[in-house]
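First chain A sits with chain B, and in the next complex the same chain sits with chain C.
Take a look at the complex of A and B:
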């Protein structure tokens, strides 16, 4: 099963994902070579901080896309949870923990609502979430009419720097000097947070019956129904998990910026970028193919492109143009499929 | 029948007032292989869809092992041990073979799917259907149709069925696989499992089944043991003796040299594994029927001629030149002048939400335009002409086409294509689901068009129509023309026999 044939098969089955990983590695390596200071922990920390929110939102977007839909509320849910978090993340450790949980629950509850509207209201995801996205922004504005808020300073510092700083702040592992922590001391905490969520939340979900049903629905909903799979449950679960992941993004944004901001433009930009990241990461907009890890790489690719503008002498005004070209090239790659279709009517089904 | 595993009592099912099953009593026993026979539309698939929980009966009750039972969903039927393999495969193309085989109840560890166990289970089941060559880690989308069907069978067996329903399960299989399925069914029979077998291949039924049930027009006609009746008697049971609709008179058959000019000639047409070498010719002034059971390549043939399919092989001469049109747009162009009235008027024939007028004009915008703009006057004229010619009953031409009855909708589709002034008219089951009166109008129209010098290729799943309308009929079986019949030689018996590909043509 393993061996050369196995790897070849895996590559063929995950061509989009493999392309995204390769593209990211090339872009990121080149970026670090070109960087005036070279690769350093400080740059890595800064880069990863800027990537976390879009990475979470892209993972959130992946689930509705796998179902064959789109979620236009992910950016808004991130914004809403960002505002919620900016009200709750201070006080005693217990209070902070409660605040974190409430923030994440807000996002999950919002996703649950999206799922119920889509399943029981029989409304297409794109229009249902267009409406609920506006509602989320409205709620965010009620909570925080003006940018601001209060976030525990220690938390903010510890989670946006290296593992050493985390240990130093909370005084564990000999304040970061324990021998067993040394190998990890320079890793940025945000990287660990994203990987943690990816492997503790996404990977098990993908390997559950509910998760596989999400793929089955996107691939052939009729076959999924005829196979007796829990279709409603899977759809609701997908949107709920999407809401949860968007809340992870909002929570991190609050910690990173120490504030909340009900910024409508920002919410819209995050939603559109999340779709771009999902597609770049090899997930099919038709549903059924791809995954959140791919979207993670898609988000990183988008961010790395923006980093280039900082170190190279390019007019930052060109950034949307170049991002657009990269996205278009990546998407055309997937369009080759249609060349193989033998019954042209199938293109419209 | 005391040992019946599934029993129907007085089950009826209607679709929009049309009878699909009426007052059916039916039973199938444990440890038997039971064939369900009948023409297209006899109610076979409704029968099994009710058993599989896809449809709910309107009246009557179903008993499982003697107890009344209701299956609101396929899941419920599965849980009760009724496993159905449908013609349209129920596999998910983007998941792996192993995923598909264990799709609804995979082996789990700590609540998560255990992939290793799942692959092992898939290997075991694939070995049971002698498909060791299928890699459990391959995606279903990568497999050929015959391999997919075997995976489907492995999946069904993996669910430990009490009743296994095979709806045309062998239609895409190679002969080696068919033998495997035979052996498997015999094993299952020995284990006391009931298999319901729907097949259009008489010799398979003969080789495999111990009990046969014939359905006709939604009614259960008779159930008998294998060997009790001859093939001819079975065919007669399937046909019945219904009075047929009125058809316009056919012109007398003309000798070879007086026939119209040949508009279309097809030699050895092949596409994927659905068309396997079709020969056909179409002349001015004649109506040629395509017969045979559903899914023998008739639809693909029409699509191929209309330029919808890619990579079609074979020699085609149409419009005086070699080669098929490359697209529907090319097909309707001045060179070939082909029109197709498609199978599904709701998705391929009409834009349901748009006005009747726009639908009528949809294929002929070039005729009613001046430069880039549509001339409203010409458009108006064309619409009025079309409505009048086909006697379409409408309120206003601006009403959405979905407000019309099925028959009038079909007339809109036909009028739309007549507006392009075609030479060759391809009809894909144009009378399906419409009332008798409109059917007769369509038959008359077809004859008029033929008399005007057009050539018509007519697929119908209704044998009576083929007999009543066609000058010639080509019967398709397995993507090939197995029989060509002309004039008075076209009879119901000969058509049914040819479509089952059994040799009782002399009957």
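Take a look at the complex of A and C:
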């Protein structure tokens, strides 16, 4: 990606993603201008806290979509891991760390199961995950028949605030007052957590052979198979990583709410919203095009739209309608490419 | 320069900790203001007092799920009440948002309104847990948060509700009385439950079972899940009648119009019934009570939002308030139903009939809410 031509080519190849980033920047900047306390750390913390769970679930949904399928269990896996985390996140630091690991492993294991069912059971992902999603909710209800649970207070306060509060709570960097921490002190911790997972987990995966195979399967599974790519491995890995990312969402939800809740409706809402976020982020539902970073932006757009209802005077009963119309417009942005294709066959890519 | 940074941050931290210590409600001795309206839940209920703030105030309603009649009626009631002459002058700005059944979104909305500097936030919690963070922030910023209807499992905030346990008990007591009049002291009762995992559903059911067990009679209770929804309740009742044949009485938590409809469709004999406050159910009881549909109707009123708003205003004015406010149960049975008073033949079936709380000066009658077009109250 060097020089003008390089940027131009990158733009053309990532039009959906670039549109999503631009749309997000415009929406978010306008929101902050309108907000009485816009561009402050408090608003950024609130916004990011609200977005983390859906951002992780949208990233989780991206992988099956890149394969050309849909995962209807992401919301349920988030709910299941939320309930698991609500049982494990207290005690000594070692116990908490173990709880975090167990929670993430639960999600990854569930994703692995999804992958195995899809690959070896030869069942369409959408149907397989419809069933396993119900299983996940069932398990969640078993673990937590009624909402509640216990999560370490310090952990929950520190991870849902700014870097300053994190340092203050755990007493490092002079309780947050060290000079080298100043430039980062106002950054919300949830933002760092999401970026960490995105760049430590997603980016290396995308660059690996397995990751590129996921894209190849989505573009043309037959061709990928004929090229000798590890199809089964890639599919199973994609679902496992999806489960892991959904578990990140569930874990954060537990930390944020200090509790677990086997809420069936919430699980359903997250699954549907994750699909919307994936599409908003420029990933094609046909597979093979897009990425989890795009879905991250898609999730943020989805959230920012609803932020507006709190600062503008809009009739409460009209809000869902307006939200739907804005969403439709936003998704339609991605369809603009159809207006400028030279060959109609391009549309089937 | 470095030192200046350090000192300013330390100072900021200090002022923060000081204001945190001073903020939030003080626990004080009762009795509270206006006990006729803001009745304490029990003798053990604590009393809160916030520092009085000068009015007028900025109030927000943060609803969760939207999309059933009850919630829509609640929102209409909130808007109508905000325009009520009794409190209109005390409100500078009034906002209503619905976040859907999405805990992070609801917590986020509450936090956003705190950030925007609102004085009070009235909410129906999507989960009885998980609000620790926003409660902490609200206390820090001296914002009054008032959950109502689906309340929180905490005693750190002021909350408004009807006693669901008492509702369950009253239902069961009524059924036992009616069955006794028929000479029955044992039999089969159908219980149509609400949304699973919800504290309201749990408490109502506990109330019903407590009274049935205490009666000493041999009652077989068949439970089905109706989700407080007419359609679901009608289907599960029809299934239960098909499987079990005949019931001696029915206790339905909600969707009662559907329950009675299922009885009529299956030609099930009319039996004593306990149910919610849907207009359709009250219409059916009024019509068929002579055939044996002896019904009691107790409602969780969408008008609770008005009481919660009024309580928030009272707290902002510095009055002493109970931590948990019990709104009296609005009870009607087949002998007290009167068209145009506590049910309306010309209003839709899924309208919730109880909206008036005379001790609180909340008098928004059914037709007044329904006739209020969106444009009128904007």
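Throughout what follows, the second predicted complex is superposed on the first by the 321 of 349 C-alpha atoms of A that agree within 3 Å, B and C clash if a C-alpha of one lies under 4 Å from a C-alpha of the other, contacts with A are read in each partner's own complex, and residues count from 1 in each chain.
FYI, a contact is a pair of C-beta atoms (placed from the backbone, for glycine too) under 8 Å apart; a residue touches a chain by one contact, two chains touch by 3 or more.
What you are looking at is a predicted structure, and each value in this text was computed from that prediction instead of being measured.
In the three-chain model built by superposing on chain A, chain B fits alongside chain C with no clash. In the superposed model, A:160 makes contact with chain C only, not with chain B. Residue contacts after overlaying the shared chain place A:288 against chain B, while chain C stays out of touching range. Shared-chain residue A:146: touches chain C; no touch with chain B.
In the superposition on chain A, A:256 makes contact with chain C only, while chain B stays out of contact range. Of the two partner chains placed by superposition, A:121 touches none, neither chain B nor chain C.
Draw one line from the C-alpha centre of chain A to that of chain B and another to that of chain C; the angle between them is 130°, to the nearest 10. In the superposed model, A:3 lies in contact with neither chain B nor chain C. Judged by the touch definition given at the top, the superposed model places A:52 against chain C, while chain B stays out of reach. In the superposition on chain A, A:266 makes contact with chain C only, while chain B stays out of contact range.
Judged by the number of chain A residues each one touches, C leads among chain B and chain C. Superposition on chain A places chain B within reach of chain C only down to 32 Å, the least C-alpha distance between them. On the side of chain A, the complex with chain C involves touching residues 35-37, 40, 42-43, 46-47, 49-54, 141, 145-149, 153, 156-157, 160, 164, 168, 174-177, 179, 182, 185, 253, 256-259, 261-266, 269-270, 303, 306-307, 309-311, 313, 315-320.
Of all residues in chain A, those touching chain B in their complex are 1, 6, 9, 13, 204, 207-209, 212, 215-216, 218-220, 222-230, 288-289, 341-345.
Within the complex, the chain B residues that touch chain A are 54, 73-75, 77-79, 84, 86, 88-95, 99, 103-106, 111-113, 115, 119, 135, 137-139, 271-272, 303, 308-311, 327, 348.
Listing the residues of chain C that touch chain A in their complex gives 2, 5-6, 9-10, 13, 60-61, 63, 65-67, 72, 75-76, 79, 95-105, 107-109, 111-113, 115-117, 126-133, 136, 153, 197, 199, 202, 374, 378.
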